[in-house]
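Sharing a structure with you now.
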Amino acid sequence: MEQEIIMMNWRMAEGGMDMLWKVAILTASDKGSRGEREDTSAQVIRELVEEELHGEVVEYRIVPDEVNDISASLIEMADYFQADLIITTGGNGLAPRDVTPEATMKVIDKEVPGLAEAMRYAAMQRTRKAMLSRAVCGIRGKSLIINLPASPKGVHDHLLAIIDQLPHALYAVSGNLSSADEFE
Amino acid sequence: MEQEIIMMNWRMAEGGMDMLWKVAILTASDKGSRGEREDTSAQVIRELVEEELHGEVVEYRIVPDEVNDISASLIEMADYFQADLIITTGGNGLAPRDVTPEATMKVIDKEVPGLAEAMRYAAMQRTRKAMLSRAVCGIRGKSLIINLPASPKGVHDHLLAIIDQLPHALYAVSGNLSSADEFE
Amino acid sequence: MEQEIIMMNWRMAEGGMDMLWKVAILTASDKGSRGEREDTSAQVIRELVEEELHGEVVEYRIVPDEVNDISASLIEMADYFQADLIITTGGNGLAPRDVTPEATMKVIDKEVPGLAEAMRYAAMQRTRKAMLSRAVCGIRGKSLIINLPASPKGVHDHLLAIIDQLPHALYAVSGNLSSADEFE
């Protein structure tokens, strides 16, 4: 914890802008992509990211619940926008059109199962329904990708459950820890 | 919860028989398939399904612990019998002949890891041995597939841990929720 | 539990040496493989294995954080040294060089997700950072493979969380339970 704070201070001292994590938000929603639904969940993510994580939202998109649309957006957010953190909302459930976890699995190099487990476990303390979240978390290159549910409440519960560990996670993913071992 | 009850009532009002979930039970057991063991676990599943879930058992089989036998049965139960819910018992452990999770992985389109996590976590409150359950839960087409352990006690503990969420899960899988989002 | 003790006594009565589990330890560490770091974590594993599990360390290696080096060592430890239990330390985190879970996935026939979940859950009671462990547990042939974190404390927390279930697990993996069902 101390070490994390030291790293953070050191990075902040290094140079202005890059102390901010670059964050991309991807909403998977058929209705949303047709403009039939206000995207409150993305706003909740934006607020949490800015206030709790000192992140800056560099890209935001809504796509329909299609594997290819979601995968292509994740790849662009990671490889072109070089987002440190990509957060998705929606498409995590059990309905036929829910394919966000499958689209995520297609583009990640490594899975981070403990983040998904911790989100579900914490969210289940409020609603047992959280056991039906199929969220996947993983790494593509130097980007951490996290699936969140569709509803604003679900987004809030899931993200708060892990947000304190994200700075450490993002430093590791970005390769800015001299050795991940020291922090494990 | 309220929404679920409303949906349930609406569906019951719609038409008699189809308010019942169609359930298939598959026992993976070398001994059982040779008739050398009474299949008490399948009976426990049948009772829980009928009493707690308003389900109707439309197909029941015992097969040996072979990947191909298990996979073929799961496919037939999903695609031909169109079971809403397929519950397996047995073959979840660490012994060389335990292959039910592998057979399940072969036939599902999507994994539902939170159901398996919730079963193991709840079952561990009674017996720490539950951490050795390799149960997989997933979706094939419009069928939800759930692996349970071999013993009657294990079956009971695991199934009770998730049964309250199964109506919602089955509505979503069957495509009968206008939007999964509202329930997430 | 009783049954486990009966099996254990029976096996001890059967014949001297084979009551000991054969254990192999694999450290994945770039620094360690260059001799730049003392391998305290491997020592912690050795002590726990000998004292709590009646295991005998038959092979120990340090390799750099490379998928091929780790995979090749796991295969040799399983197939040539016929270790009942292979424990890795290091390379479980989110840094670019952390690839132990990927190397493990490449060589296992079956995953045992409940062991990894139980380790993370228990370790999180001491440090929330444990949600970032990407540990995988699985079976290759008759060998159980378990990933542990890099730090001595992490190793200790993770291994203690499951060590009471390892005798049962190892009996099952080795094929020495007449039926895994009785124990499930």
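Odds and ends about this structure:
Read from first to last, the chains carry the letters A, B and C; within each, the first residue is number 1.
Definition applied: contacts are C-beta pairs under 8 Å (C-beta built on N, C-alpha and C of every residue); 3 or more make two chains touch, one makes a residue touch a chain.
Quantities reported herein were computed from a predicted structural model and do not represent experimental measurements.
Here chain A and chain B face each other with different sets of residues for the most part; under half of the interface numbers are shared between them.
A rotation of 120° superposes the C-alpha trace of chain B on that of chain C, rounded to the nearest 5.
If each chain is reduced to the centroid of its CA atoms, chain A and chain B end up 31 Å from each other. For chain C, the set of residues that touch two or more other chains comprises 113, 117, 121. On the side of chain A, the complex with chain C involves touching residues 110-115, 117-118, 121, 139, 142, 144, 162, 164-165, 168-169, 172-173, 175, 177, 179-184. Contact residues of chain A toward chain B in the complex are 29, 31, 90, 92-99, 101-102, 113, 116-117, 120-121, 124, 128-134, 149-151, 154.
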